[in-house]
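Heads up, there are several structures right after this.
What follows is a pair of complexes built around subunit A, which joins subunit B in one and subunit C in the other.
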Partner chain A sequence: MTTVAPPSSPSPSSSSSPSPDAGTSTTGAVGRPSFGSILGRVPRAVWPLVAFLVLFAIGGLIRPNLVTVESLIGTATFAIILAIASFGQTIAVIQAGIDLSVPNTIGLSALAFLALVGPLGPLGAFVAALAAGAVIGFFNGAVIAKLGLTPIVTTIAMNGLLFGVILLAFNFSELTVTPDFVIAITSAKLSVLGISMPAVLPLGLALMVVLQLVLSFTGWGRSLFVVGAAAETARLAGLPVDRIRITGYMLSGALAAFAGIVIVGYYQQASATMGASYLLSSVAAVVVGGASIFGGRGSVVGTVGGALVLAQVATLVTVLNLGSNIQQLIYGAIILVVISLYGRRRAA
Partner chain B sequence: MSTPTPAPPIATGASTASASAPQTAPPDARPAAPPADALLVATDLVKSYGPVKAVQGVTFHCNPGEVLALVGENGAGKSTVAKMLAGAVTPTSGTIIVGGEPLASGSVKQSRLSGVRCAFQELALVPDWTVAENLSLPDGAPLRGFSQKKSVAAASALLSAFDLPHIDPRAAVGTLSLADRQLVEIARALAGKPRLLILDEASSALTPPGVQWLFTRIRELTAAGGSVIYVSHRLGEIAEIADRGTVLRDGQVAGEFVRGGWTDDELISLMAGREAERFFPDPPERTTDAVALSVTELRSEGLDGVSLSLGAGEILGIGGLQGHGQAELLRALFGAAPAVADEWTIAGRRIKGTTPVRSVRHGLGYVPEDRKREGLALEMSVGENLLAPWLKAYQLGGRPRLAMERGWIDGILSALSVRTRGSNELAGSLSGGNQQKLVFGRWMDRSRTVILLHDPTRGIDVRAKQELYGAIVDLAKQGVGILWFSTEVEELVHVCHRVVVLYQGKVADELTGGRLTADAIVGAAVGSTGSISLTTDEEDLR
Partner chain C sequence: MTAISPPRAPSTPPPPPPPPRRRGWNSTGLTRLRREGAIAPIAAFAVFFVVYVIINPELLTRFQLQTASNLVVPLALVALGQLVVVLVGGIDISIGAVMSLCNVVFATQLLTLPVPVAILLAVLVGLGCGLFNGFLVAYAGLPAIAVTLASAFIFGSLAREVLDRPGGGVTKEIYLATSGELLPFVPVALVWLAVIAVGLWLLLQRTALGRHIYGVGSNMESVRAAGINARLTKLLAFGLAGVLTSFGAMMLASSTVTGDPRSGDPYLLSSIAAVALAGAAFTGGRGSIIGTILAACTLGLIGNLLFFAGVNSYWQYVISALIIVAVVGLPVVWRRVAFRVKGIRS
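Right, the complex of A and B next:
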């Protein structure tokens, strides 16, 4: 039973996608390649996948019946939803910021989407919810770029403000009539290569590929990295730093809003506090995925890997019956450990 | 820092020093046998970073009361050696003996206790702290309880003892000019009354009076039996202050010299490993009278109405002492700082004001002061750093763009002889001179009208300087107007068509033709009163 399912579904998707760390991969052969230099040439996005496989193997050792395709798909589905919620966070972190308004952007967009389906129709409500996310991001970005406030303070204030808006505007907190097309792109079962999986899994992977292409291969994406790595350098090179920052936060907000709709579609429920757990876990997924919290480094492929690690941790926590409070504790510990590990490598 | 306790750390060094008077030509010029009373003996120092050997087997010694120069190009290993002596870097192998006892390596604190102090090239001050707080930092004063009042009093006493009355101990270090910050850094090292003082490019931002101030301090220290290791590129300074010297090249000792026994050309060829050509190129013949940039009564913070005009293909030098508006002028012209002017044209087109984005669109390029913070994204690749100004949101970026621009990138890298393993290497792993070439190179062959240079040759080696001079002259030949602020007077004299000297935010003088001499620039830089006396007669002017 243990050899039935080597985790083939997540790894091809990551290896076929573009290398996220364009800088480190080709350092040229100088002398004999040592073990360390070979390790150094491995793209950062690979490490979280290695960590995931190790955790998966540990899970298999504890409970051999965990090593099944269904269990893997279950973990991957949980991970991809977390990853979709963390894509926006990735973009904020790359530009040396952070978006702590992700939780209530998720909640607001989900509730607004459900409330607007009646008057605007599903597609209109979908567009309106994404636009709301982009507007939230615009305000975040404008305050951060133009007024120079720190991203943490700005976005956490925005998060609080949004919660107030949610409580005022949506005094009903449970809405369960989910439009069909949202179910079709999220919880509907698809059969890919003979494996049955919810539609959200290929959707999330497709979104990952698109975003990674934008980040790696467009002028906007590379400008975002320059701004994140050295803002003053970007400014003195004549890059429109403020515009790049603001559009970055707008994309971040729109992606969080998209995550809200995906969560509604998959879990078929929405509430004012539905995004709360994504505050810590979105940052954790980004950081475990190899992004530098100081900016200038990160990839959405890595974020998917980070989300897989966290999802597997959640699975193990459930299997070992530790309870969800322990899960938060472990997430916090993972963030601290990963940040200190990557911080060391940065200093070396 | 703590002035109430006059501990005599120099006395311990002097006890072994039989002759503490400054010697001019020590007889033991051969590297093989350090004298028994040597203050510092470094033997076979090796430092490798992974496969890269920054320093491979460096041996030298320093006698009490002596100034030992450590010279070499950037990347030759000088800074690494200096950091090993200071305890900031642990040697991979080799020994360092200070005053007869091995130096506990890898600990700045241990080095300090052995009487070794270092003023680092990258200023190791806390920008948000005041001068007084920074000066009290090395003593671990914060651990013993800290008093603003006492530290300010101690700092003013120290600054006046070191003849630096113009620095306010209550000012945050970040608000000081680069030169003043460097003076504070040196003062902090001196405050520890070191037996051995390491000055790592400590004069790179200093003006001529600042350098004279530094030399006075060095002579005080050596007269008391202390020793100085002086790391510098500036041969004029080495000729004046160094008793002996060690030349490093590619992490090894390339040669040694004693006071008076060398010429600039010999030293340059030792450093570069080849016969040096003529140091400065001539500015090219001007072929057009077109005006590339003109500004009338430019006002900004630190600028009090500057008018100047720069022709196409002209190299216009900006001279003056640090902090008289040169940096502000370049920033204002590029739009990096807000500024207004009565009249302002770029390539004949009138503009009201500008921002960096608009300046680049109008054909300006800017090489800023601090290449690590303002010039480069160190964690990104060489190619992407070159391309940074030319990224457009809706166009390709990253690898496809690099492939498209392959020809341009390779052209820049080879035209400037950038020593890199390719355009995918991280910019942060290049040496300082090669990093500077990237900041400069991104504006080459991009149909620029004007390029603003903020002291691009500061702290880079001789060979890199010559390559930059060549590139600047080539750009001028293509009709680009070059506005070049330099702290090296000889660059202004030899490579510029015309030099404008700023004093207190205004144009003090404009020098061309026969009036363009080093003395005239320095004279104008100190203002008409001439209150600061200078000893420039020793400088080797070509």
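Right, the complex of A and C next:
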């Protein structure tokens, strides 16, 4: 019932190929009813990528000098950072939850990483920060699955708790030096196929591929969708629903923690409120990426597409000098359009 | 069907907001509070209040009472707005943005327009925002969380379009009228909160619309089968929430004597936290006004309490979270343990 991005996704950068492939070569032009059903069969993750390409083309029409590899890389870098921050959110939304503790998980892991680099070394600090994220996720998941509190309330409470921990535990004036190790995996320039790009871009895409493979092809990944679509059915079918929920939130927390390290490496600064802007924008990227807010549907490829759309809007708004208010307004309009499209399809 | 208790209520109107003094407390009122999940938050507030007064007896002085109520009242009003949305089974992610928008509309219009017109405009903006959300949720059938996520972006950007940095024309007179003292030991803010809360209570418990709001949240299908216009009820509930939020926004603008386009942001999470602490069901149909107000008071005053207790006030974030999980989670654990015990006995 839940059509999730099929295996064809691992090459998102060449996204123009899958949609004509699915749209024309299978049945061609048979008639209108089958055209609709073919459209319905195109994986949702494709649409945000198509929308991104359309926006990119519009940008090219307005300012022809925008159509350059540098501009594309710039937008994609901005998008991949948002996408990395939203991967955890995607996992939470797929299992019919939501993770509003993403902002302060980002902040906590970034600051913990910086604080622990001294005693533990970069790799040790990296692992410790990820583990902290997983522990946060464990508590979220345990309270949601075992106590039965609403995900929204649980993760809001966790977000508040983490904010207190951040303010109490860290001495901000000492945490200014970003270790070379994270710079090397984030903002350092790499040359891939002759194109210079920040290391975070291939890193994020690799993470996307791994996560999508896990979601699409492992038993755990598939059962996550089942739990999200119909938790009671999954329970009756003998799935360990609570365990799947908890591990899902653990992965979600660990991914948010990873995002914190990436953000601190790329922007090379950390503060108590560094994650605040990701509270709504991570959910926005997931929703624009085609996930159902009710769970059971979504993909990390779609989330990357959603982040690309939002990032391209940001680029266009900057180029046209419209100001960040207009950007937020357009974000809201895009979300409305996306949910009204998918809402109608669900009803049909 | 949880909260539709008969209108044969206690002789005194049950929720006079500030201190839970209830002389005409009969079993009907108690049953209603229990059904609405309000016992735990009321008990939590009572404990909190006693601890507060022991640590800091100065709370009961005029100045501190006034400061504390100015701190708590905006949160309580916004939380009531969130409660009304939660009662119909929704959630409002845009409530912070609506609050910011009403706040800056109120503050900027005061520069040019007479005060009543500015108030009216702010309320209308709140109502408009609520109806916008409500229309998309009730008539377009879209999920409330996604709709209000979108409108959070939209209303937030409108707020910064109206006023891009703190400012506006809130005057000393307005401060005194909303946040000063009516009589010695009676802060005006609490009086306004009481008036609004009693009005809301009458609306929810004594009018058809109010009962429909509870009904739509408890069982949408039954309500529809009974011939009640469930969609209109949802729409009006969102509109009502917008109006309540605008009251909170005006109280905040007046007590801080500025309009600020980001002033509503923190209220998104704290309003949901207060409604959760009040024991409301996020599936709808269950939630109490008095519980929500007292939960907002508890959450709003924790920082102050820690300050007077000489504890680093950053602990307030940790403690608030633990209180929420404890108060909301304990009844669940309790019910489960009681269920097990019963099972063992039989």
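One rule holds for everything that comes next: the second predicted complex is superposed on the first by the 311 of 348 C-alpha atoms of A that agree within 3 Å, B and C clash if a C-alpha of one lies under 4 Å from a C-alpha of the other, contacts with A are read in each partner's own complex, and residues count from 1 in each chain.
The rule is short, and it goes like this: a residue touches a chain if its C-beta (ideal position, glycine included) is under 8 Å from a C-beta of that chain, and two chains touch if they have at least 3 such contacts.
Since this is a predicted model, take the numbers as computed values, not measurements.
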Touching partner for A:G221 - first (subunit B), second (subunit C), both, neither: first
Subunit B versus subunit C as contact partner of A:V287, first or second or both or neither: second
First, second, both or neither for A:N321, with subunit B first and subunit C second: neither
Touched partner set for A:N65, first subunit B, second subunit C, both or neither: neither
Which superposed partner A:S191 touches (first subunit B, second subunit C, both, neither): neither
Which of subunit B and subunit C A:G238 touches, first, second, both or neither: first
First, second, both or neither for A:G296, with subunit B first and subunit C second: first
Which superposed partner A:L167 touches (first subunit B, second subunit C, both, neither): second
Footprint of subunit C on subunit A - complex, ascending: 98, 100, 143, 147-150, 152-154, 156-161, 163-165, 167-168, 280, 283-284, 287, 293-294, 325-329, 331-333, 335-336, 339-340, 343, 347
Partner subunit A, residues of subunit C touching it in the complex: 91, 93, 136, 140-143, 145-147, 149-154, 156-158, 160-161, 164, 269, 272-273, 276, 282, 312, 314-322, 324-325, 328-329, 332-333
Subunit A-touching residues of subunit B, taken from the complex the two chains share: 50-51, 334, 336, 356-357, 359-361, 366, 368, 373-381, 384, 387-389, 391-401, 421-422, 424-426, 442
For the subunit A and subunit B complex, residues of the former touching the latter: 22-28, 30-31, 34, 36-37, 216-223, 225-226, 229-230, 232-240, 243-244, 247, 292, 296-297
